[in-house]
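Two complexes are shown next, each including subunit A; its partner changes from subunit B in the first to subunit C in the second.
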Partner chain A sequence: MISHPGLVLIAAAVLMAPLRGWPRAAVALLGSASSVFLSFQAGDGVHLTIEYLGMQLAPFAVDKLSRLFAIIFALMALGGALFALNQPRRLELPAAFLYAGAAIGATLAGDLVTLFVFWELMAVGSTLVLWSASTPRAGAASMRYLMVHLFGGMLLFAGVAGHVLESGSTAFTAMGIASLPEKLILAAFLVNAAAWPLSAWLPDAYPEASWSGMVFLSAFTTKTAVYALLRGFPGVELLVYAGLAMVFYGIIYALLENDMRRILAYSIVNQVGFMVTGIGIGSEMALNGAAAHAFTHILYKALLLMSAGSVLLVTGRRKCTDLGGLYRSMPFTTACGIVGALAISSFPLTSGFVSKSMISQAAADGHLPVVWMLLAAASAGVFLHAGIKFPWFVFFQKDSGLRPPEPPWNMRAAMALLAALCIGLGIFYEPLYRLLPYAGDYVPYTGWHVVAQLQLLLFSGLAFFVMLGWLRRTLTVTLDFDWFYRVLFPALFLAAGRVLAAALGAGGAAGARLGAMLESAVRRLHGPGGAFARTWRTGSMALGVMAMLLAFLLTYYLR
Partner chain B sequence: MLEHLAALIVVVPLVAAPLIVLVRSRRFAWIATTAASYLSLLFSVQLFWRVATLGPVSYAIGSWAPPWGIEYRVDALSSFVLVAVSLTASFVAPYAQRSIAREVARDRQYLMYAMYCLCLSGLLGIAITGDAFNLFVFLEISSLASYVLVALGPRRQSLMAAYQYMLMGTVGATFYVIGVGLLYLMTGTLNLADMAQRLPGVPDVRPVLVALAFITVGIGLKLALFPLHQWLPNAYAYAPSMATAFLAATATKVSVYVLLRFYFGVFDPARLFEHLPTREVFVALSLAAMVAASLVAVFEQDVKRLFAYSSVAQIGYITLGIGVDNQASLTGSIVHLLNHGVTKGAIFLLLGGVALRAGAAAVRLETLAGLGRRMPLTALGLALAGLSLVGVPGTAGFITKWYLVVGALERGWWWVVAAILASSLIALAYVWRVLEAAYLRPPAASAARGEAPAPMLAAGMAMTALCVYFGFETSFSAGGAADAAALLLRGLR
Partner chain C sequence: MIWRTFLVVLAASVLAQLFVAAHPSFALEALFAWNALYGFLACAALILAARALALLLKRPDDYYDDD
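Presenting the complex of A and B:
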């Protein structure tokens, strides 16, 4: 138990909560470094079994797949901690460690119950990270975020309980999607993966985090879902379509977006789409590709968000239209941002190339030409929105007149570490391949792969500058604070009204009317002064009691 | 002495009450109260342990053998309830001193302690007695004491709330005693176990059905079964802090125990659940409580009233388990007696501290503004206990939800599972409103800083810790509840 890399991070979170200054930095760095070490060291097999609610649980079970994710999560905690050392908000780093520890706990869970427990802990931890930005917008966003994730957690809860009852086993292994519990579990995983049509929570919430908070947020939730899908639903065809929908959703919205970190948030949805597609293809190479892509994506997306976070910290601005020309005074940050942008575009000699090409190759090998073509087209789209758009508008473009300094040393060190990993893994990819769940002899650097990818990037690069005038148009879609009250609740009531109208055999207009009636009824009954909320007169209470008694007597006598 | 434990557990607080009235010293009152509470915890833990190892304990009062004399009977269910009640008491008693000193007029403070001791004695008595009429006596002792506890509240509306509580409570007690009277008429005995044996031989079932209806509605009033909960929100909202915490954690729970005892130990459960629409009625009323009361809490501005409505919803969880009626769901019901007790106890204890620091009798959402900065520990405790209300894993509330969901799934009732989960989302909505006020709103310029006095804060935080503890270590809570549920399904034999 003491060697569980996730619990080490959670312990570090508790330990550092009351600390400040260098003791806090020491706990954070030592804790995450030892978590990295323990993740590498963890041997295969079940290391701990406990009994909980009459079930045998295996909260610490390791195999190649879970070790891979534990390593990258621990690495990310280390890199993120280094980056966030000068974050003055006291809650954020402990919350992020709780979050990262829960993510590792979920990947090392050998059973569904432990998975669920850490799943929910992750939701709490990530909400705290978001919340600790302590702006009103972040507060509202964290409410929406928590609602979505507890909804997903409830799907998982019902699914796990049903699955355990049905199969009589708590083990977390590959399953089908035949029964209702399995469908619920799949749905819960997809909610966390930000699958379309439930993708909106991610770009809605993450960009409201602090400049360091989003680095953490980008890494764990969606990738834990990728891990869970890899283990639970490999080769489920539905995932191919879900993944492709995410890929294009991410690209389209990112191209339209103006806020630099929202661009990157949409880009997370897009990248996770590649992984989900790979899981849906389901061949060993595709699963390897999805796992490897999760690993490399965490690194380069964190690098991109660190450069964006540095810009946000030193300029206080987040809109592309307010930025530009920063390369003059921030050459180091610019260089790191470009490395991340190259990696996300799968440029040869970067980490993105050695992982994403595996998924495309698997689609080709699996004789899925349409999927392969869509993935190729999407790769061009990635280069457009993340590879060029982000660095171009932030660091080059027009001169915004800003001359901010480089960020502090620890942030530069964190970026240098991740940039080195992004390039290092692109060149020396064998250590990564050895960590992958399946043995394979995939070779990324063949003439065909390199030439095809370079051509693709070249043409989409050309397209970007040709279409620059069009891209400069900005369109920002943001969800407001009262989104729930304005949109979701009326929508729910409308849906209920429609169902009711359909049951009564009435048309669509009647559905809308019934929905409105239902909504005002809830307000009237439950709102201030409503029948359920106000204090009844004593006589009415007594009358109610008599009515109850009569009702009971009648039902008993009639039976 | 050990063989008299069953009597002592009731007698100690019962004797403490008149002593407090005679001495009339505030300090003595508090010491006597605390001592009685701790002793009752000690006794009930010993009883629980004895029952777990040696089986049920039967104690004949005055050596009159049952079924003629009054029998005190402790089994897995009653010992579990005894521990739950006395555990709460042992947190409330040390808390009481500072809280009462602030909220109750000096010359009435000793009354508060005396009534609390009477109430405790009555609640423990209900859980321990095996006699239907003796149960009525203890029900009246605890109820009368709790009316006074509410009436001593610091707000103008306290008297009115206590008056309504008293009227409804009296109706409930009267209905109960009418039901017991009918049963006595038909069976000729007041001993519950004896009654159960004789009931199948009763030729005319109509009076038994009438008795069932009276007892269901009477006890339903006491346990705030929706829609008989009308007395509860105001009683909780306007009572002194320590009384709210104690009553919310124990009084309705002990009434649930009475219902369980009658449904499974006196009436024939097979008949009750197979031939009569008990299952449908309980599931329907519980779901209505879980949704309707939670929705009211979402709109409520008075924080104590908000959590009182949340209590009505949470009682819905408990009665839902009775309606689903299998091993897992009954385990969920019984464990929630304890889990909800510690959760709500923690919340109301902490809110008492907030009220004291704010210097106001009412805690409204605005009062909580900036609590995260002004009273960080209190705010943390409210957050953790709030998560337990929602049922997040790692908290006591999750354990309940797990058993209820498993119980509903065993029946194949997916729509009940959906309702449980939907109601926890509504719970998140109202808990969020509290947390949003505490952490995201800036404190008012005039708001006082600093935590509640140490004994009050410690009691609240200790109960919060229990919320988390019972989320992980369930051998006592869920284990004891599972034993009790198995006992219920065997007809309490």
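Presenting the complex of A and C:
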């Protein structure tokens, strides 16, 4: 128990909640560092079994796949904590640690019941991270975010319950998609992976978090879903199509976006799309590629979001139309942003190259020319929307006249750490390859691979600058699936209310009386001062509960 | 100046193809400068697709502000 890297983070979250200043920083850094250590140390096998309601649970089960994800999640908690040390909001860091710990708990869950528990805990932690930004927009976005994830959790609960009933086993192993429970579980995983069309929750919610909050948010939810798909649904063909849809959705929406962190949010969907495609291909190399890509992606996406978060902190601006020319006074942040941009574009000598090329290679080896071609086109598109567009419009482009300082030392240190990892893993990739679930002999650096990738990316760059006029930033948003639940459904609800009122009116006096009675009843019970809206004294609450218990006891004996 | 350097780098990346051992995944990739051409055209197509979508789905960025 004590050596569970996720529970260590959750314990650190509880411990740091009342602290401030250096004690808090110490708990955060030591807690996450020991979580990293424990993740590396965790040996294969089931370390804990619990019997619960007649079910065998294995809340601490380790194999190569779960260890890989535990390591990267713990590393991300450490990097994120360093970056967020100067964040004055008191709730955010404990919430982020709860969130990260729950993500590790989900990856180390050997059974579906434990997975569900940590899945929900993740939703709670991430909602709190978002909500703690304490702006009206973040508050509204966090509620929409929570609704989507509670919906996903409901699907998962129904799926798990059905699956346990059907198979008689709680074990979390590879499944098919034949039965209804399996379909529900797959759907729940896809909701969290931000698969199209239910992808809008991600760019809707994450960019409303604080400058440090989004760094945490980008790492855990979607990648836990990738882990769950890797374990539960490897080689399910549907995932190839779902993944490719995500890849192109992400690129096209990111190209139209003006908010710098929303560009990066769409690009999360795009990157997770590569992983989901790899999982759908399902060969050992494809699964290795998906796992490796999740690992490298967490690092370079966090680096990109740290550079964007730094810009947000020192300038208070988030729109590309308000930014530009920041390289003059923020050369360090600019350099780190560029390293992240090169890594996400899979430039040779960066971490993205050694992971993404494995997925493409698996498509080629599996004789899937169309998938391979689409992945290549998408690689070019990644450079376009995240590799050039983000750094160009934020740090270069026109001179916005802003001359902000570099961010504080801890934020620079966190960026330096991640930038070093992005380049280090691109050059010394063997340690990462050894952590992957399957043994393989993939060689990323051949002259042909490097030249092919450089041609693809450099000519994408040419396309960007040739067509720059078509990419000019405008003060616009692009409608997405969230339009349905932000605009259409509320409008339908109001319209239904009006129709009902009209029908009651047409029903004559009786109808009107009924309507008035209903309304006054609702007012009496739920309105200001109504029985359900009052604050009750603790004493009368206790009395009420006691009366209920007595009544229960009585009916129990009289039964 | 920057443009000229960039064009030299582009040309170099294409010419470098002649000096490495080719192991194309599919026949198309064996064509000379295939990846350069494909990268450029793919991006152009993506930008055009984005512009087309924008005609339908773009709204002023205060569109959601009253919710």
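Going forward, the second predicted complex is superposed on the first by the 475 of 559 C-alpha atoms of A that agree within 3 Å, B and C clash if a C-alpha of one lies under 4 Å from a C-alpha of the other, contacts with A are read in each partner's own complex, and residues count from 1 in each chain.
Just so we're on the same page, a contact is a pair of C-beta atoms (placed from the backbone, for glycine too) under 8 Å apart; a residue touches a chain by one contact, two chains touch by 3 or more.
All of these numbers come straight from a predicted model, not from anything done at the bench.
Colleague: Once the structures are superposed on A, label A:52 by its partner contacts, choosing first (subunit B), second (subunit C), both or neither.
Modeller: In the superposition, A:52 touches subunit B alone.
Colleague: Taking the superposition on A as described, I'd like to know which of subunit B and subunit C A:467 touches: first, second, both or neither.
Modeller: second
Colleague: What is the contact status of A:447 with respect to subunit B (first) and subunit C (second): first, second, both, or neither?
Modeller: The answer is second: A:447 touches subunit C but not subunit B.
Colleague: Can A:458 be said to touch subunit B (first), subunit C (second), both, or neither?
Modeller: second
Colleague: Touch check for A:380: first (subunit B), second (subunit C), both, or neither?
Modeller: After superposing on A, A:380 lies in contact with subunit C but is clear of subunit B.
Colleague: Once the shared chain is lined up, is A:543 touching subunit B (first), subunit C (second), both, or neither of them?
Modeller: In the superposition, A:543 contacts neither subunit B nor subunit C.
Colleague: A:527 in the overlay: touching subunit B, subunit C, both, or neither? Say first, second, both or neither.
Modeller: After superposition on chain A, A:527 lies in contact with subunit B alone.
Colleague: Touch check for A:495: first (subunit B), second (subunit C), both, or neither?
Modeller: neither
Colleague: Which positions of subunit A touch subunit B when the two form their complex?
Modeller: 52-54, 116-117, 120-121, 124, 131, 134, 136, 139, 143, 146-147, 150-151, 154, 157-158, 161-162, 165, 180, 522, 525-528, 530, 532-533, 535-536, 538, 541-542, 544-545, 548-549, 552-553, 555-557, 559
Colleague: How about subunit B: which of its residues touch subunit A in the complex?
Modeller: Answer in residue numbers: 163-164, 167-168, 171, 175, 206, 209-210, 212-214, 216-217, 220-221, 227-228, 230-231, 233-234, 275-277, 281, 292-293, 295-296, 298-301, 309, 387, 390, 392-394, 399, 401-403, 405-406, 409-410, 414, 417-418, 421, 424-425, 428-429, 432, 436, 439-440, 474, 478, 482.
Colleague: Taking the complex as given, what residues does subunit C use to touch subunit A?
Modeller: Touching subunit A from subunit C are residues 6, 9-10, 13-14, 16-17, 19-26, 28-29, 33, 35-40, 42-47, 49-51, 53-54, 57-61, 63-64, 67.
Colleague: Can you tell me which positions in subunit A touch subunit C when the two form their complex?
Modeller: Interface residues on subunit A, with respect to subunit C: 140, 248, 251-252, 255-256, 258-259, 319, 360-361, 364, 369, 372-373, 376-377, 380-381, 384, 446-448, 450-465, 467, 470-471, 474-480, 486-487, 490.
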